[in-house]
Structures are given as C-alpha cells and as structure tokens.
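A short write-up of the structure that comes next.
Chain lettering (A, B, C and D) follows the sequence in which the chains are written, and residue indices restart at 1 in each chain.
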Amino acid sequence: MAPHARRFVSQGHLVDSGALTRILNLIVEEGADYEVVSFKLGKTNQDESQLEMEVRSGDAALLEGLAARLVALGCYERKPGEAVFRPAPREGVAPEDFYSTTHHRTEVFVQGRWREVRRQRMDGVVVLEHGEPVCRKLRDLRAGQPVLCGSSSVRLTPPARDRDARLFGFMQSEVSSERSVENAVRRIAEELKSIRTGGGRIVAVAGPVVVHTGGAPALASLVKAGYLQGLLAGNALAVHDVECALYGTSLGVDLSSGRPVDQGHRNHMRAINRIAEAGSLAAAVQQGVLGSGIMYEVIRAGVPYALAGSIRDDGPLPETITDMIRAQEAYERILENASLVLMLGSMLHSIAVGNMLPSWVKAVCVDIAPPVITKLADRGSAQTVGVVTDAGLFLRGLAAVLLGSS
Amino acid sequence: MAPHARRFVSQGHLVDSGALTRILNLIVEEGADYEVVSFKLGKTNQDESQLEMEVRSGDAALLEGLAARLVALGCYERKPGEAVFRPAPREGVAPEDFYSTTHHRTEVFVQGRWREVRRQRMDGVVVLEHGEPVCRKLRDLRAGQPVLCGSSSVRLTPPARDRDARLFGFMQSEVSSERSVENAVRRIAEELKSIRTGGGRIVAVAGPVVVHTGGAPALASLVKAGYLQGLLAGNALAVHDVECALYGTSLGVDLSSGRPVDQGHRNHMRAINRIAEAGSLAAAVQQGVLGSGIMYEVIRAGVPYALAGSIRDDGPLPETITDMIRAQEAYERILENASLVLMLGSMLHSIAVGNMLPSWVKAVCVDIAPPVITKLADRGSAQTVGVVTDAGLFLRGLAAVLLGSS
Amino acid sequence: MAPHARRFVSQGHLVDSGALTRILNLIVEEGADYEVVSFKLGKTNQDESQLEMEVRSGDAALLEGLAARLVALGCYERKPGEAVFRPAPREGVAPEDFYSTTHHRTEVFVQGRWREVRRQRMDGVVVLEHGEPVCRKLRDLRAGQPVLCGSSSVRLTPPARDRDARLFGFMQSEVSSERSVENAVRRIAEELKSIRTGGGRIVAVAGPVVVHTGGAPALASLVKAGYLQGLLAGNALAVHDVECALYGTSLGVDLSSGRPVDQGHRNHMRAINRIAEAGSLAAAVQQGVLGSGIMYEVIRAGVPYALAGSIRDDGPLPETITDMIRAQEAYERILENASLVLMLGSMLHSIAVGNMLPSWVKAVCVDIAPPVITKLADRGSAQTVGVVTDAGLFLRGLAAVLLGSS
Amino acid sequence: MAPHARRFVSQGHLVDSGALTRILNLIVEEGADYEVVSFKLGKTNQDESQLEMEVRSGDAALLEGLAARLVALGCYERKPGEAVFRPAPREGVAPEDFYSTTHHRTEVFVQGRWREVRRQRMDGVVVLEHGEPVCRKLRDLRAGQPVLCGSSSVRLTPPARDRDARLFGFMQSEVSSERSVENAVRRIAEELKSIRTGGGRIVAVAGPVVVHTGGAPALASLVKAGYLQGLLAGNALAVHDVECALYGTSLGVDLSSGRPVDQGHRNHMRAINRIAEAGSLAAAVQQGVLGSGIMYEVIRAGVPYALAGSIRDDGPLPETITDMIRAQEAYERILENASLVLMLGSMLHSIAVGNMLPSWVKAVCVDIAPPVITKLADRGSAQTVGVVTDAGLFLRGLAAVLLGSS
C-alpha cells in the first residue's frame, strides 16, 4: 500500500533539458510510484512544458527524502505552505534540518509568494534579511538569524540547456580528446568576443601549468586587449609568471629552449625574493622590476585579481592571501556578475570557483587530464564545457583567433 | 518558409530513456522546426509514452539528413512506404544510398508490415534473404543481392534504460574512480549469479593486463566454477597466461615477488616455444605441459574461445587466428546469445566486440584508464557499465564474492 | 680556448646512485669539458667510489652556473673557501645571490670545516645561528641575518639509492599500473611493521578520496593498531570522514550501496554543521556525537594531526587551520623525525609535504592517476615509491596484511 | 661461500649511458657479489671507459641467470667460447635453451671472432646462415636450422645515450605534459630536416586519432613536401582519412564545425563502400574519386605504405592486409633502414613497430595519454622521445615550422 502521497508541479523546458527524464527515473529508482495528473508538451521549441504528478510511497521517510531531491530537479509542491525559518542556535551553526543550497536559481515561498534568493551559491543556507531570502555561508550565520528549514517551500530553476547549438551549447559535457581542438578554440573565441561586445565580464582561473606550457604571453596579450575582467589564481601562477618574465624559465626550465638551466628550482625562489624586495607585485611593476607577463598586464590594466594561498606555496608573494576565508571572499567579489569563467589547468581553484558560481554562469574548463573535467561535472557545474588539451596551446590558439597573432 | 514537412511517430519509454529529449534537441540543433501533434506521457512507470510530430524545414536535403538521424533515435514515418531494396552492384559493394545499421533492434517495412532484422550488428547493411531482412557485413554482400536503401522504412528500438536501479542500471555511464569499487564488484557478482541461474551466457574479453596484474588465478577459478561460457582475447593474453603458468612470470616479472627475473622478456618467448613444440594449447594441456591458468581451465571446461592475432604479436601461438576476417567470424560465433560481456583491460578487443554486439546485451568494462571507457561509450555501446580499477583487483574481488575465496 | 677551470671532488656510491652518470652528462650538455684527474671505483658493493675532475669552459658565467648545478649533484670544490654569508637586506628578503636549498643533506664550509645544515628542507635559505648553519624559509628571514650566498662552499649528499632490493628499493620510480598491486602492498606492509618495531614514525597524508573509495575503516583500524604517528590532511578529508561516520555517505553517495541518497550534497554540510555545533572534532568525540572513523581514532589515540584549509573548503571545520603559514608550520612540526610518509590520494598536500621533507625520508605515494606520481617525482622527491591504484583498495589490502582483517 | 665465479668485461660510454650503474646494481639486487678487477674511466667525454670484474655467487643457477642479464646490459665473457648452435627440433620450434634477442646491436663469437648479427629485432632467435649469424622470428625457423643457445658467447652494444643534448637527446624519456610542446615541435622539426638533408628515411606510424584531431591536412602536406618515406597504419586511419576527404567528417563529426552530421557513423561505411567500388585506394586516386588527404598524397608520391588489419576493423579496405603474419612482413620491409619513426597516436601499431626496430633507430611518440608512452618505454624502446599532446596540434605545428604554413 502507498498511503502517502504528494503532488508536485514543474514547468519549463522540461524535455530538452532532460529534467523530465531525471525526475521520473529518480522516483522509480527510489522505489516510489508516480501518476501523471497532466502533462503538456510544448508544441514548438519556444513553448514550455508543464507537468503535474502525484508521487506515492508506503514509506513516509522515503517520500520525504525523495521530495527533497525532486525539489533539486525543479519540482515544487503544487500548494506550497509558508516557508519555515528557524533561528540559528549559535553563531555559525544552523538548525538540524536546514536547507542546503544548490547553485541553481532558487525561490522560497515567503508571505504568500515566491521570492528569489539573492547571492545564490552552492552549499550555503538561506536566511531571511529584511524579509527577503538571501544565500549565506554556514560559517557566516549569526546566532538567532532565521534559517530556512526543509525544502517543501522551495522552487529551483535548473538552467535550461542552451538550445542554440551554434553558440555555446555545442560541446555540452564533451570531454573526449578525440575531437579537433581547433573548433573548440574558434567557438570559444566567438563567445568571448560576443561577451565583450555586450559588456560582459570574463574571469580567468589559472594554474601555473599555463606558464609551464608556454601560455603566459598569449594570456598576457588577451589581458592587454581587454579580454579579461578578473583573474583568480594561486601563489604559484604568479611566481612562475614572474620567474618567466625575469629569467625566461618556469620551474627552472628555459621556456624558449625547453632545457633546464642553472640550479634546478632556484629561479622561482629568486623571483619570490625580487618581489619581496620590491614590496609587492604592484610595486615591482611601478619600479620597473617587472615589465612583462600575465601579472604585469593585469596590474597595468587594473584588472582585479586574487591570489589564494595554499599549503604547498613557496614564499608566498606579498599579494598572496594566506587566510582561506579572506581568499574565498576575494574570489567571490571578483566573480560577481561574471558572464563566463575560463578555467585553465587548475583543478583546485576551479572547483573552488565552481562552488561559488550560480549555475547559470558559463564556464570553459581546459585541462590535459579528462578526469579533472569529469570531476568538475561531478560536482554539479553542468554549464562547464570541457576541452582536453594543453593550456598553452589553447591560449595561443585563442590569441591567434582573437588578436590575429600566432 | 518551411514548405517541406514529414510526420513521425515514436513510442516506448521515451522519457525515462532520454529519447524524447534527444529527438527534440536534434531537430532544433539541425535548424529545423517541429510541431507536436500529440504527446501522451505514460501515466505510471509501466505505461509507454506516445509521440506524433511534424518536422519542417525549408531545406529538403537538411530534412532528409535529419530524418535519417531521427530514425536512429527511434522515430519512424507515420505512414511508411514499402522498403526500397536495390541490388548490390558488385560483390562487397552496396548501392550508394545503402542503409548503414546501428546495433539497436531494427525493423524494416516489407510487404506491408514491420519485420525484425535478424543478426543485428553495427555498421552492417540489411539484405533481403527469403523475403526476410537480415543484417550482413558490407564485405559479405554478393553481387545483385537486394540491399536496403534509405531509412524511411526503418524503425529502431533503442534499449530502454534499465529502470530497476537495484539490478544493473545502478552505474549507467559511471566511470569515475572516486567511488567504492567494492560496491561495483558486489553488484556485478549478483548479476553474474543471476545470469547463471537463468542459464544465460557470460563471455569475457580479456587483455594481458589481467595476467600482469595478478588476475589470472581468479579468472581461472571463475572458469572452473562455470562462470564463463566464452573467452575472447588476443594472442598476448594466452602467451602471458602460459608464461605465468610455466614460469611464474608475466613479461619477465615474477608475479609473486614483483621483481624482474632472468633475461627480461625471455620467458614469454620460451612459453611460445613450448606451446609450439606441443603443437597447440590443447595438446599442451593433454600432454601435461600446461597444468594451470586461464587457458588450462578454459580448455578443460570446453569453454569456446578465440584468440585474435594482431600486428604486435610475438609467435603467435598455434591457436591464434592470424587472419582478421576469420578472427571476427570466430568472435561473432562465440558472442551469439551472450547475456553479458565482461571486458577486462583490452580496448582493442572490447571495441571490436562492441561493434558486434546488439545494443541490448549488457557489458561491464573494467579498465584502469577512464578514457578507455569513455571511448567505448563514444562508439554507442550505451549498455556498458564502466569500472575504473585494476583488472587483477577486480577479478580477485569477484572471485571472493562468488566463490568465497580471497 | 677554455681558460676557466675548476676542480671538483665527489665520493660515495657514485655509480649505483647514478650520480656519476648525471655529473658527466650535465657537463657535456652544458657545453663544458671535463678531464678526470682520478677515479677509483669501489672494489665491492660496500666500498665507496672517489672522483676528482677538472671542469673547463671558455665562458666564465656558464662555468659558474654549471658549478652550482654540480654542487646539487654532490660535487664540491676540492679546496673550498670559507662560506660567504651576507646580511638579509630586509625582513623576508635575501641577498640577490642567496643559496636556495634542496632537500638533500647539506654541509657548509664554515670556520675551516664542513658543518651539517640543520632542519633541512627544499627551497629554503641557509642562515648562521650561533655559528651553526640552519635552514630557514625566505619569509622567516630577519633583517640583517647572515644568509649563505653562492654554492662554492656547499656540499650535498644525495641519498644513496637503497641497494638492498629486498627491502624498500624494489620499486624505485615504478609507476606503471601493469604490475600486481598485491606485491606492493605486501612489501609496504613489511616496511611499516619494521618501522614500528624500530620505534619509527609513520605519517599519513590523506585526501578525501580515501573516504570516497571506502578506505576510511581500514585507515581507522591502522590508526587504532598504532600504525600512524601523524595525520596531515585538508578540511575535506575530515568532513567526508565525519559524513561517513554520521550518515554512511561520502559526497552524498551511500558507501555501502554505492547509490546517491537524499539531497545530493546535503550530508557533508550537515556533518559540518554537527561538528560546528559540538564546537570541534575533539568535542564531538567527547560528547559521543562522533563515534567512528579516521578522525575519531586519531583523536582517541592522541595522534597529532593538522587539517590545512584550502580555497575550495566548505565550512571549514573548527580545527581546520585557515591560514596557510600557520598550516605549514603545523605540518612541519608533525613531520619532524618522520620515518616514512604515506601519501594517499592527495596531490596538493603531498607536494606540500614533499617540499618540507628531507630527501632521506621514505615516501609511498598511492594514486590512481600516474601523472600525480610523475609530478611528485618531477619535484625531486626521489625516494617516492609510486603505486598506481585505488586508495581504498590499497588501504584495505594493507589492513588485511597488517591486521589480519579483510 | 661463493665458489662460482665468472669474469666479464664491458667497454664503451659506460658511465654516461648509465650502463655501469645498472650492471653493478643488478648484481647486488640478484644477491651476488662483484669485485672490480680494473676500471678505467674515460678521461674526457670522447674517451670510452673500460670495466673488468669478477662476479661471484654460491648458487650456480643464480649466477647463470645473472650472466644472461649482464649480457643484456653489454657485458660479455672475458674469454668467450665458441657459440653453441643447436638444430631446431621442428619447424617453428627452437631448442629449449635458445637465445632470445633484444633489439640492441648484437655480436656472436663464431669461429674465433665476434660477428655482428644481421636483421636485428626483438624477441627473435639467432640462426647461422652461410656461416653468418642472422636474426629470425621463431615461427620462421626451419627444422634442423642451427639456433644459437645460451648467452655466454654473445655481446650486445646498447645504444649510447645521445650525448649532444642540442640535437635529439634533449627529452630522453620526458613524458610530462607540463612542458612547452612548442619546443619539442621545433626540435623535432630540425631533426627531420637534418635527416632529409642527409638522405635518411622517415617513417610514420599513425592512428585514426590523427584524422579525428584535424591533423590529416598537415600530415598530407608533409608527405607532399617529401618528409615521409613510409607510412604504417591500420585500416581505420585510411578509412577516416578517406571519410574526411570525401565527406569532411571523421567518425561522423564535421571536422570544420566540430558538430555531428547526418547519421552518426554512416559516413565511414560510405567511404569504405566507395573505395570497394573503385577497387582500391590506388584505383580511387586514379579514377579521381579520392582527391585529397593522407592516403591520396602517399599514393601520389609513391610512398610505400602498409595498412594492417585488426579485429575491430570495419570493411576492411581492399589494401588492408588482413593476415597478421603478412602484415608484419610488410611493416618490416618498410621499416628497413628507417632513420626515425614518428609514432602518432596509435599504441597498437607503435608497440608492433617498437618490437621490429633495432634500438639505435630514433623514435618520436606523440600521444595525449602519458601511459601510452610509459608503456612503450617499458618495452625497451629507450630511444623513444615522448610528447604528451594532441596529435593534430602536433602535426599542424610541425607543418608550420617545416613548411611555413599554419
């Protein structure tokens, strides 16, 4: 017997996004049943579809858990009750049954209507501030702050799959390396151009492999040409960029000949020492110590950047933010209103950014290792386009297409 | 304007299989339009859905190509005409517009009704034999044989996604290595047990890495216990299995100590020489020269096997089939009526088998390299469950669960 | 003409370590010449070899750079002069020509004799404290502190390759996955046993993949049995370990069934919330909130641990050290006197540790991705033994051998 | 006690090649002892070194096995006896203690002097033909033919590591992808140019990934410009090259737009059908059916080629050699006198070629997967330079440098 039942509705591009498939399969996999009350398939590509169904199970707890997962797929209670907010028992602590956010667009049923949650991000909580729902990190909760509990008054809008295949949707979740990388470069170049034309913001997340693979000049030239509105990286990217600018090497390897020089790793320590002496990267640019490279162009162009420290850092450079809570805050500021994020060879920083980004922001992830891209996709960054190739080659290709250089 | 239009129908588990999503998206991506004439979503999980739609485009050629791709997704003309068969112009040559098969269940509209194609496989052609459609390889065409042309009288049934998540569907297209392999082993063991109980046939495709990673005793014990009804491999698997049985090494590495012994690669050449001297593997078993290992158990149990030669073979062993056309035929015979195929660490042979298998046959692909599994999925073997791990560890785990050994 | 010349000596196990090969090849690759003044090859395996040679080049700068690299290989000036120490111009800044350390055993020629540098680590500087050379990080330099400059009064002792192949040297730089992992497990188990018998310290560096792959119970049992004297990890390991202990899931995947449960990622946020509520991991253990898992056993056994924060952290947990400079210090304290370091599935933390460890400390690196191990080796951690396999399977194997469990 | 002793000599660039290190370590690892009778280290880079030593063990069998492995490293008996040749007991069968060849230059002590073995290859046997030692495959042995047994009258010359780092030795066993690929491309281009200037032969081994990644036009232009003297591939390379030439797709993906076209995989079957209709690739070129691509340029330029069949082939094309014994023979003919082999994205064919090539022939292996290169090196092709990148990008880079195109 299945005496427990709940009625859900969902609407939007349910079929082309695959949402309908996931919804029905989830119910069956969980061992519950459904009955479709009504379903209207959009007549044409422009029309939305509409679903109403009843979900049933003999097991109330199972139905409760299932309901929460259906909400994550864009279903919502046909007749939602008023959202329940309970006070945070302590600073940084939420009530036991707090609602944990996804990075999808979220609404909460407050005072009789759906209200959109501001500052959407993943793995956060929703609090009520001045009567409006806002996304906050657990650690930022103040004692007594009203925290959304349960998911029965929540409505998500997972991003519609980009339907115009000619623009950006072309490689959804493609990570195979057996494709021509040239096409990917050309299309991403078009996308960047169109974003810049429209006044959008492009933010790069870059690992030191960009420098090791000889991509620094290309990335620098893209910065100079105005194609970057933010740079998120770690200490290592800046160290090797400076090493390359000052000594022509990266991790002690001569970038023009490919041969190791001098004392193995010494140059990156010299680079750190030179910047420490100047006082900062910005000071080194001003003093003429640093006259080329990614950081040089970023500083000259006034592009905001954040270098997050890590446990493996040498130095670090003076601008590197060693406290991770402050580093996350700096990243978040730069990511605000980003139109597209270019993730270049850094799994650590890319995953960090993936958690901060709302799911409707586009992302391009370039890495020579397919598992990195798979891992990003695993964490729910569904808008990520993966390109399996060498970051240096990718950037040179991009610069060639956008700037006419080679 | 869009004066060209065709009307298609499709039915089945269109939503849970994702077919409906793929169908509508394809039309849009190709630049055509659709109008849903009717759509009935199955009320419950048991009910099928039904779609009828009109597809339109101003470009007749585009519509023609699109129609062919819609057929591949399970759509068919609402009012199919009689299938067109044209004579093969020459032996091994098909008419220019021949229909190239997928590995999905296929029907052709002949003499007023849908008839199922026999001997379904990928990349074949459909011929009429005694009035019935049969799948054949291009190279086997005889001059004048009637070959199916165009796709407007074809109807496919892509396999429904296995809906009972507790049996086999649990890991559809999962290839991440960040999952517990133990669960995969346990579930696959259950599946194998249930297949054997039901009298089904399990066929293994195995590469030499099975031996290098110490998996030979486990696979041999599974053979002995009746868990294998066919073995498909190359020369190398048998060579290293024999090397391991005779000298305890694999590619010159002592399998119990992990250290190289004697003259590097000499042992595998000695193994080949011993079998050549005996006359064959079967003779070596009879003469008592070969007394353990995978091939020993396979021969003792009378399990059919085929060793396909390859350009990289040493030897080869007497049983190795050096002609690839004959080797393919031998593989195909052993694969007939297979219930499940275990692909163990051999991309070459696994892809070969993937092309021969109808899409409704289950497959488990074990490889330490995620790209191998991605590649198999790329080629359309959608029923493939991927497990990213060491073949030796996987087989020992399987033997432990099925046979209680460790 | 080659008017510039310097005379170097070197001694030790020059041939079996490969040092002699590297020394002579380096000279030729750099475009310089050498003349062997004398060479005495050790008569037997116990005897050391001795080299004296003159290195010549027409280019003084080239010879200077070459000399520095020869020092890194264990050569030293036949008649070293007194080491030059120059005052640090500012806090955290070294003189331009400072000597950048490797992780090999290092001596400096001070007051007429070779003195060993204390607290050896990579990418540091050598300062004189109370007349003795000590290794310090650049950032810890005080203004005016005497810093070693140049390398002409430096003598390194790269670690002799472990000659007894039966102990630990068995897999030097082996990373191929085509070997039986079982052998590796067995030998590493023997090594761990012998270290514990001898009172040595085993430190583990572990990533969350240990939990995802089901390795947490095995690692916990090793801790309980006294096989761990330190644990270095990030926030994520502890979060997922707690998630697994409290809810049986890891990243929302049920570890016993392998199926996703409830709301995707919610459980790891609930785990963080529970620990935040308790106040700390230690408090959670005391309050009985946390009653199993890696962190539970580590806390119960009083094993020192450090959780380093990172830019991608959720939470973080109260014990997580969010400032990277403090985190590095905590790691360094736990690594003091380590006999062997087990690196389990975490490139970030393993590279950090690799930089802190003197080169004579043994390390075992377990990762399913060969490039991670290659990358560690690239950075000079030559004592690293790589095992390409799933961390969970490795740990269960280790526990089975050491504790008799499965 | 160690009553058994044998005296070996070795000479050559023992130190820079690393041979001396491997020799002494091997003895110790095997549990035997050595005493250096004399060792003369080459005074300068031009001078050879000379070693004489006595190897001792209490275990005669161990010493016998060790001796065989020392021979493989370039040691030989100080006073060799006359080589022992025993008649092959049967066609394709060698005496039990036959000598199994490596791919290094080999001499045998026959009639009082060292004579070089002709047609050197790996995993062969040495027979006496007209008084001269010649390398043959096991399967080609005729009954009664005299086969070399034991290794005590054998002398090998492993290739000296290329000492001029500026030419080709620059990347010995480098497989890391964290290097600038551009440098590799430039140096390989220089090497190819110098080989062509000197009248040397360049042979490519290419997999279909060359076409999938858009490298076909670049490779075709290199053929046209005279940079290829042989092409070794499988059926798939030719099929996809023809598919690309006729339809602009590769595996159904439009190479200029990167989007799938028409019916998935149909185009490669159409390509096979067109060539079957023409009768052969050569006929298709003559009839004007095939007018561009790799195979077109190869046929027009009269470059010898061999397409080896495999178990996974579709078709195959008429020129594909389906019998593996004949295919190996065809490969061997084309490889005769090759100066350099370019291995492009095909592990199967590259390993096959690695077994056929003497070790003194240079090889460049380009693959996006580091394990492929590791695997090639594992099999003893020590002259292999590995470049981890996309084959298409590599070829376009090479064409740009050599032909000035982009």
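In this section, a contact is a pair of C-beta atoms (placed from the backbone, for glycine too) under 8 Å apart; a residue touches a chain by one contact, two chains touch by 3 or more.
Keep in mind the model is a prediction, meaning the values are calculated, not measured.
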Winner on C-beta contact pairs when A-C is weighed against B-C: A-C
Chain separated most widely from chain C, comparing mean CA positions: B
Rounded Å distance between chain B and chain C, as computed from the means of their C-alpha atoms: 45
Interchain centroid distance [CA atoms averaged], chain A/chain B, Å: 37
Length of the line joining the C-alpha centres of chain A and chain C, rounded to whole Å: 32
Chain A residues counted as touching two or more neighbouring chains: 29, 165, 177-178, 259, 371
Contacting residues of chain C [partner chain D, same complex]: 15-18, 20-21, 24-25, 27-29, 33-36, 39, 41-45, 161, 163-165, 175-178, 370-371, 374-375, 378
Interface residues, chain A side, partner chain D - complex: 165, 170-171, 177-184, 187, 209, 212-214, 251, 253, 255-259, 368, 388-390, 392-393, 406
Of all residues in chain C, those that touch chain A in their complex: 29, 65, 68-69, 71-72, 89-90, 92-94, 96, 98, 100, 102, 122-123, 138-139, 151, 234, 259, 261-266, 268-270, 272-273, 276-277, 308-316, 322-325, 327-328, 331, 348-349, 351-352, 355, 369, 371, 380
